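Data first, discussion second: the structure below is written as structure tokens.
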Amino acid sequence: MHLSAFNLSQFFGGTFSHGIHPAENKHFTEAKPIERLPFPAQLVLPLSMHAGKPSVPLVRKGQEVVRGEPIARADGFVSVPLHAPATGVISDIRLMPSARGPRVMSLILDVYPGDPQEVLYGAPVELDALSPKEIVQAVQDTGLVGLGGAAFPTHVKLTVPEGCSIDTVLINGCECEPFLTTDHRLMVEQAADLVKGTRILMRVLGAKRAVIGTETNKMDAVAAIQNVLLPNDTVSVKAVPTKYPQGAEKMLAKALVGREIPSGTFPSAVGLGVFNVATTTQMGQLMPMQRGVIERVVTVTGPGVKRPGNYIVPIGTPIRWLLNRCGFDGPAGHLIMGGPMMGGTVSSLDTPITKGCGGLLVLTEHQLTSEEQMKRYPCISCGACVDACPMHLNPCELGRLAYKGQYEPMAERYHLNDCFECGSCSYVCPAAIPLVQYFRIAKSSNREKVAKAS
Amino acid sequence: MSDPVHLKTSPHLRGAHSVDKIMRHVVYALMPICLFSIVQFGLSALVLILTCTAVCVGTEHFACRLNGRPTTVGDWSAAITGVLLGLILPPSFPLWMAAVASVVSIGIGKLFFGGLGFNVFNPALVGRAFAQAAFTVPITTWTPAMAHARFKEFIPSTFTFPFAAPPDLRPWMERLQIDGFTGATPLALMKFDYVDTESAKLFVGTVAGSAGETSSMLILLCGLYLAYRKMLNWKIVASVLASAAVFSWIFWVKDPSVYPTPLFTLTSGGLMIGAVFMATDMVSSPVTPLGVVIYGSIIGVVTVMIRLFGGLNEGVMYAILLANAATPLINNLTQPRIYGAVRRKKEVKA
Amino acid sequence: MSDIAQDAMELPPQPSPFRLVGTLGGIAVLSGLLVVMTYQWTKPAIERNQREALERAVFSVLPGAVRSEPVEMTGQTVFAGFDEADRRIGFALESEARGYQDLVRILYGFDPDRQKIIGMTVLQSTETPGLGDKIIRDPAFHANFEALDVSREVEVVKSGAKTEAWQIDGISGATVSSQAVGQAIRRGAELRERVLAFYRGDQTNRTDQTNLTERGGQP
Amino acid sequence: MNPGSFSAIFLDAFLINNFVLALFLGICPFLGVSGKVKTAGNMGMAVTFVMLVSSLCAFGLNHLLVKFELEFLRLICFIAVIASAVQLVEMAIKRFSPTLFRALGIFLPLITTNCAILGLALFQTAREYSFVQCLAFSLGAGAGFSLALLLMAGLREKLELADLPGLARGAALSLILAGMLSLAFMGFAGLGG
Amino acid sequence: MSAPEKMNLQTFTQGLWKENPVFVMMLGLCPVLAVTNTAMNALAMGLATTFVLICSGFLVSLLRKVIPKQVRIASYIIIIATFVTMADYLIQAISLEVYQALGAFIQLIVVNCIILGRAEAYASKNGPLKAVVNATGMGLGFTFALLCLGVVREVLGGGTLFGMQVMPDRFQPWSIFVLPPGGFFVLAFWLMLFAAFEERKQKKGVTA
């Protein structure tokens, strides 16, 4: 329902309409404090672990690097540098498996065992003295990308397009995916850094206020943040109803400030900037010292691991190593990088943890609701997907068109390109139709057609 | 530790419902109604429901086999069609005609269009509408509820020889000393003789009518269970009942001596079973939130229109079939406004 | 037919327009000739057919009639039927009412002496074959009209429930159609009054049967 | 409802004795132009319009024919006059409202002499309708035709995405759908009686 | 269509089966559905249409050299309307009952595109004899189709054929077949039957 004048969404418990309520399953890790693990023997650092152009290596094979040292530079504006997550030696530069599937060029870093691993790089900067433009450059130098999953370079989002002005910064602490608790623990344990980062973002964007949004299942986080806020602060914290995908920026904008981000535009079109909690916390930690992103918190969870928890690990840690530490010894399980709703399965256990990876989820065989086990039926027009889609699309019709390979009308008449692949529709579909999969195929087919035409 | 073998795309979780589970629960929810029907009309109702179910399931099974495809009876939808069809036929309906209606239901109503999910009309109603047009007299021949010999003998027309006309029931009723039974349902009494039936009787269902349509209370309860389990769209039920009530209320207020009360409208005839179990057939109803309400309202209004002003005394079946026919148009016209759509239009203009 | 129709209308005048008009005119004349010929040729047969059909209907509702004569009652024609002895048996009256599907038009024989209906036939109906169309030829239903009392309002009752002379036993399963016949008969009450008035007036100064023809009949 | 009233005649032609579904008039365009909802909508408008024009023409013409006792030329005159009248109106629309012409355009000549149009003229003459009754009859018939066409088009569009068995492809599908619609429309029988 | 010069059997049989106006070309469906509730009506309608087909085909063929191209359709329509009017009167003269059963559909023969189509595509390009033979074939093909429907509908819907009872006494008629939906269903049934038949024939042809 769209009635911005009244902002009806406020009446309905202050959230977006539609969406789903999958079992949260956060109990595995939500109470586990963030724990630092020892360094693995070897790190794998893909040059393209962010959206945009891959970084360009600054090091040669065999070169020694010190923890925190830049080892690859940004290649243009939509790109970020890469910093050494540990002290050691670059033993190789070669193609390695990546989370997204294809093998990508990666730096292999052999960690010096027994090294104190102190971060020596970086110097304090007086942020207030910098112009916004200089700050954007400073942000790029930290190598920050969206840690919420998209890994989109943060400094690009800080460059407000011409004609837009940002009045409100939204900090996304919803973590609506089942199982994951990274952002939750960060908010509880590092609330001060989070608020610091928020203030930096506000200053860069010239925003008058900021709202940290989280869900009602994380009230301890709300309390922790409130603790570090000033009276009458321009930063506030708000818990919105627990519902998937509350964390999608469009839904969050609707829930927190009642604004709808127009189709095909960015939050800046309605005066918003949306950043993930992990991104913002690192911003608060790294910016004052001008350091780079070298580690992140990862939730390793699911019934398939013995010691689930929230671990802080260097970027580049191979999954195999991490899973070993957490007590995963089973036969080939069901391993998902990210949450169960949007994350992807990984093809190789040699895939490393990248900046965008907030969680590793291991399901056991019997929880595996795989397509082979779940009998697929023709669409029975039950409309469950229509009632679930947070974008108010019509996945039923989209699915029927996709089934017949009619991809163009999907985009022309049924707004295929507004689908952000949250998976709510597939989740509820009693006929077990792989809707999201259909939509991905349709989108890429359409893209190819456009590319061919031009 | 070997590499994971399951490569698939998100989402990796699934909700609790599946098509066969939903269908199975609908069959469960129909069981109390079947039971009541048997209590009320006896052996004939029992064999009627069994025949319809068996023939429906059998038709689907053999048609699949004939086409060299795996059988689809496992999704339970053919069973629903069969049970429902049995419930909406008169208890005295000859079994051979019920079998014909069942074959038409599944054959023309469902498989002809490609089977589950593709049928545009409600299969059970296709079967009944066919039977109503083909066997007009038998399908409007009613027998009294709670006849005392109902568990000892069948209604004589039940076992009519295939392709033969059913026998006259009057001698049988005379023998059973069912006096004063006019062979009329509450609706017919209302329409032709302006005789009202007690609402309590209608609610509980001890009146003449189709085998399973009489107890509006029981049907409503079973529907509530399904709605609670989220296996049926309560909005359709609500809009059918609300629109029927409002529309008949308008006329009742105008002239209470001729027009029935809204309560009578809701509890009499097949409106309740139609609204709860047949209008809600997902395949032949719209999917959009607004479309569902429009669809339900069409059913409610057309039903009352036919009942009050048409040549027939009951119109639920035709109303649902018409609304089924309008479903694609309703879907087209009520596409949800997508998130972020209106403003963009404004922007484009500006 | 689209371009066909268009062609027909647009007639670009390439050959001499006179030729076009001439051809069309010629064909029109030919066609007119053919039609008029057929019309003239079939006219007697058609009229005979129509008369016979009408007579059959009139005779069927006035048992025993062998001759009929039209009588003009203000705005409506009724038919008087005469038996072999040329005694007037009664009048055949038309009426209609809405049935299950469409209008039901009936013709019924009215005996003014006894104020009874003595026969009925359906002139036109589109009632359901096998159901509503029983009103056309179901003997049990037609038995209702062998002596139906119309001195008071006629009533249609459930099949088998007839107890009074002014009641009609309906056809089971076709209540609507049966009601339509009853309704049509009720609607005829006013016409019957007029026939009655005419009949009484006729009787008072009755000299011979031809009187009737002179007054209202048409050849 | 009085059987001769405007609303009764309209309702009769619209729902009860629907031209396509109960009287079998205009089956060819019904089966031919019901593939897409949009086309069906335009076709419905065009048919309604042509029905209105030809009904009024036929009404006037019949008066003349009766006056000069030329009833035996009725058929020939009807068909000629209706075809020309529609042609004239088409030219007028083309001239004055190009948008309307684009919507109705291609359909107008297609339907000038189909049996629904001529049937309308013949029925209204046989039933001796007055001017106002003709108006109700033609509008009702047009609306009924449009409704049937739209429903049919919606169903056929939806079924394009179905796994139809081989037997159901082509004309048989349309005919079964038409039969089902006709069956559903039987519910309106006797409405308003 | 380039008219074959020689007349052969095909001239006649073409319309009966291979180019059957109803089952193959799907033309003139309104009368096919509307007047086939009894076999008698179907036969009468078929013969009336055949009559008009033959007569108009003959006349059009005779006049084919005289009528200028520009007015040919107008001329054909007048010719057809003439014969339809004649048929109308003739049927009235023969049997009022049949006339009433067929209703307005006799006059609607005018707009039956089979007739105009034949006049345009065949009669205007061939000699009178061939035109008549071809029209007879077409007309009989049309009559055959009408009878296919009429027989099924009357037997199942009423238990009679040409008004005579053919089913046992206790047979329950299926009234749907004489009602409008039945018309659609029976035509669909015949189409599917012929389609299945053709398919089987083609398959055989392929394997052979």
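For reference, chains read A, B, C, D and E in written order, and residue numbers begin at 1 within each chain.
One rule holds for everything that comes next: contacts are C-beta pairs under 8 Å (C-beta built on N, C-alpha and C of every residue); 3 or more make two chains touch, one makes a residue touch a chain.
This is a predicted model, so every value here is computed, not measured.
Trainee: By that same contact rule, can you tell me which chains touch chain A and chain C alike?
Mentor: B, D
Trainee: Where the centres are mean C-alpha positions, what is the separation of chain B from chain E, in Å?
Mentor: Taking the average C-alpha coordinate of chain B and of chain E, the gap between them is 41 Å.
Trainee: Determine the centre-to-centre distance between chain A and chain B, using the mean Cα coordinates as centres, and give it in whole Å.
Mentor: Their C-alpha centroids are separated by 49 Å.
Trainee: Nearest whole angstrom, what separates the Cα centre of chain C from the Cα centre of chain D?
Mentor: Computed value for the inter-centroid distance: 30 Å.
Trainee: Taking each chain's centre as its mean C-alpha position, how far apart are chain B and chain C in Å?
Mentor: Spacing between the chain centres: roughly 43 Å.
Trainee: Two-or-more-chain contact residues of chain D, please, as numbers and ranges.
Mentor: 72-73, 76, 83, 113-114, 163, 167, 176, 180, 183, 186, 189-190, 193
Trainee: Mind pulling the residue numbers of chain B that touch at least two other chains?
Mentor: 108, 114-115, 118, 130, 133, 136, 311, 331
Trainee: Can you list the residues of chain A that touch 2 or more other chains?
Mentor: Only 378 qualify.
Trainee: Can you name every pair of chains that touch?
Mentor: A-B, A-D, B-C, B-D, B-E, C-D, C-E, D-E
Trainee: Applying the document's contact rule, which stretches of chain D touch chain E when the two form their complex?
Mentor: Touch residues, chain D against chain E: 21-28, 31, 72-73, 75-76, 79-80, 83, 113-115, 117-119, 122-123, 126, 166-167, 170-172, 175-176, 178-180, 182-183, 186.
Trainee: For the complex, give me every residue of chain B touching chain A.
Mentor: Contact set of chain B toward chain A: 1-15, 17-22, 75, 114-118, 233, 282-289, 292, 331, 335-344, 347.
Trainee: What does chain C use to touch chain D in their complex?
Mentor: For chain C paired with chain D, touching residues are 1-3, 5-6, 8-9, 31-32, 35-36, 39, 98-103, 176, 180.
Trainee: Which part of chain D faces chain C closely enough to touch in the complex?
Mentor: Chain D residues touching chain C: 3, 12, 16-17, 72-73, 76, 83-84, 87, 106, 109-110, 112-114, 189-190, 193.
Trainee: Can you tell me which positions in chain E touch chain D when the two form their complex?
Mentor: Counting only chain E, the residues touching chain D are 26-31, 33-34, 74, 77-78, 81-82, 84-85, 88-89, 104, 107-108, 110-113, 176, 179-185, 187-188, 191-192, 195-196, 199.
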